[in-house]
Amino acid sequence: MLNYQPSVTNSKTTDPRFELSDAARYFYRQDWMVGTAGNLSARLPDDSFWITASGKAKGELSTSDFVRVTLTGEILERASANIKPSAETIIHQVIYSLFPAAQACYHVHSIEANLVSHFTEKLNLLLPPLEMVKGLGVWEENPQVAIPIFENHLEVPQIAAEISDRFSTQLPQVPALLIRNHGVTVWADSLTSARNYVELIEYIFRYMVAARQAGIF
Amino acid sequence: MLNYQPSVTNSKTTDPRFELSDAARYFYRQDWMVGTAGNLSARLPDDSFWITASGKAKGELSTSDFVRVTLTGEILERASANIKPSAETIIHQVIYSLFPAAQACYHVHSIEANLVSHFTEKLNLLLPPLEMVKGLGVWEENPQVAIPIFENHLEVPQIAAEISDRFSTQLPQVPALLIRNHGVTVWADSLTSARNYVELIEYIFRYMVAARQAGIF
Amino acid sequence: MLNYQPSVTNSKTTDPRFELSDAARYFYRQDWMVGTAGNLSARLPDDSFWITASGKAKGELSTSDFVRVTLTGEILERASANIKPSAETIIHQVIYSLFPAAQACYHVHSIEANLVSHFTEKLNLLLPPLEMVKGLGVWEENPQVAIPIFENHLEVPQIAAEISDRFSTQLPQVPALLIRNHGVTVWADSLTSARNYVELIEYIFRYMVAARQAGIF
Amino acid sequence: MLNYQPSVTNSKTTDPRFELSDAARYFYRQDWMVGTAGNLSARLPDDSFWITASGKAKGELSTSDFVRVTLTGEILERASANIKPSAETIIHQVIYSLFPAAQACYHVHSIEANLVSHFTEKLNLLLPPLEMVKGLGVWEENPQVAIPIFENHLEVPQIAAEISDRFSTQLPQVPALLIRNHGVTVWADSLTSARNYVELIEYIFRYMVAARQAGIF
């Protein structure tokens, strides 16, 4: 474990921390990263990844608010020793390990994600057949797409282990998962796609909540 | 089919792509063009029209994110060969063909448009008698205005054919149509009016959803 | 009736059109003056008043988007002959005539104002006893405040006559009135207070709608 | 009681009025300080505190819109004699007296805070076991956290006395309290934490209202 040293990926075009900070500011303004909630990461060519540090206000991140860690959670780089990686780093480790093509993993805490996590007690939540579902990569006439739900635990490694276990035997239909009372996590092969996926899935969740409130389904 | 060549309509005052980009940014910020959803077009004096290219983030369009096509869908102009016109261009072709006075056609994907598309199983959705309905050109004491609803299909040409068929025998009362689970489309004799119509109809949809949630109707 | 001539009240500090434009932009961004809906006015020392012209987008008014009229509706001043005063100018005439202390009259069209206008079929709508009601000038432990409701009519003079008739015999408890399906109108002894009243009453309406949706009352 | 004199705490980094103004502007834009509602304060090293003056629009406070008072309510400093401290200053006095570590006390008036104050008739409102509750300092698997509710009274000293009485015998689980129909008050050991607490607790209230509207609990 090293203390801070100048990053090898420190130009604005190649350092993903700038785009992660932009995404965090946008999510914060949408009320999806209220206070210091949520965490965002981006994988680097050497399979390490930058992840938001613990306890930082997501509306105003700077490059020093990130920690670079390996897929096994070893800290490689940070601005100072008192900066901790997100308490949920291990979930990102699991996602990057399970999905080699994933270049970004975004975890946000919308109210609607928490609400829909109670729409079923099952392991999967069926999404409505909105045209918008196509944006998640499903091109069917009346798509029957479900998103996996996991239980929340005080110990994050237990959440991570349950994700790893279930996805090892059955991959999800869409690159997203819910943790009950604890937001949504998406992953994608680029930072732009990860942001788009968050927007799309939050749109679908807002639709589901409004539909339930209107007594439609 | 040509590759990109400087447009004959490239000044800020006469090139409608600037106003289309402004409208798209506004709609994106309203959550009506989430991700890359929706498409906007404007007719030119030669009966061709500029339409948003496929897969572009609607919050930050530039003039190169549009394709100019004829009323039969032939591509006349674009920045590069890998830029595709919107997958729903054929719906715009149908609207411009059916309504010769239409100078702009806007298709957006609000949550409320999707919700109200389920408020009836019939071919038309009755709008509430709000004063705001006057803005759509209906000046009556208690206006009984309905908006046509079409089914969504995986194949867009089928949607376009059903619009063309129904409107050939019966014109709609207002310049707007719904596709179930797939947003609203409006048209108008100017870009300004098209934007106003989107605002008005989305206002009416929001009212309808909130009224249903409050148990009013 | 005169054509445009330089106004005697054209400095930024004394000409109320600047503050009216600011208020309109704010209300537009709140979705309370969607499209070209609503109208705002301010009384001048000579008892004439500036009112928003008909059909102008409320998010971007300039001083030429106003008409100066007398309390009897005679046009005194405007930028050009094709600029019409708001179709609802006569309601402002009635308010300024009934309430000599009123210096501003604001009419906006929120979704919530339209919804609460259906919460009762009576002539008055009881407001909830929120602390916020104090901002409307009512200082009581559990305030029982009602806002008068009028029917909407295609002919605006009929609305104005009904307001004049009812208020001539009974003054409202708060400086505000609802027209069913047609927004709220407030008046105050300054432009700042009128804007505050709009904010407060819209807050109360939002509370009422959300409470009804939550089944609270 | 003194008239205005240059403050000893007048640099941007040490004078808390700048951060209080920023927080007020943010809360105003969230619709939590509509009109002139709410009040914010920050304790100084000498145990006096700056509090927002009465009747000021919270979206645009300047340093002269604050009054410095002692823990017993004596006015120490203000820009002019016609500036009154918030009518609810006595509640801040009680909070700072009861909680010596509190450096900031924020009182805002969201619609959701008012709504949830009616979700129970008891003295305490149980919060849902959201992950977000951890941000209020409660680290449990399924946290059972309640927030105290007080009755609203026309006479603010009566509210303050009831807070003082109840908290003298039983401290709340979280640094927050509700007054029925009259918003939420939070306190924290820094201005940054107080703002975070407001964001978190308003997030929880929004969740509770939306859940109730969706029939979830």
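The first chain written gets the first letter, and so on, giving A, B, C and D; residue counts start at 1 in each chain.
Basically, a contact is a pair of C-beta atoms (placed from the backbone, for glycine too) under 8 Å apart; a residue touches a chain by one contact, two chains touch by 3 or more.
Chain by chain, the UniProt names read as follows: A, B, C, D = Methylthioribulose-1-phosphate dehydratase.
In this text the structure is predicted, and so the values were computed from the model without any measurement.
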(request) Using the touch definition from the top, list the chains contacting both chain C and chain D. (result) none
(request) Would you kindly state whether over half or under half of the residue numbers at the chain A/chain B interface are used by both copies, giving same or different? (result) different
(message) If you average the CA coordinates per chain, which chain's centre is most distant from that of chain D?
(response) B
(request) Indicate the whole-number Å distance between the mean C-alpha point of chain B and the mean C-alpha point of chain D. (result) 46
(request) Measure off the straight-line distance from the CA centroid of chain A to the CA centroid of chain D, and report it in whole Å. (result) 32
(request) Among the residues of chain D, pick out those that touch two or more other chains and give their numbers. (result) 213
(message) Testing understanding: with touching defined as stated, what is the shape of the graph linking the protein chains, line, ring, star, complete or other?
(response) ring
(request) For this structure, give each pair of chains that are touching. (result) A-B, A-D, B-C, C-D
(message) Per the contact definition, I'd like the list of chain B residues that touch chain C in the complex.
(response) 128-132, 135, 139-141, 192, 196, 199-200, 203, 206-207, 210-211, 213-216
(message) Taking the touch rule as given, give the residues of chain B at its contact with chain A in the complex, in rising order.
(response) 31, 34-37, 57, 109, 111-112, 114-115, 118, 152-154, 179, 181-183, 209, 212-213
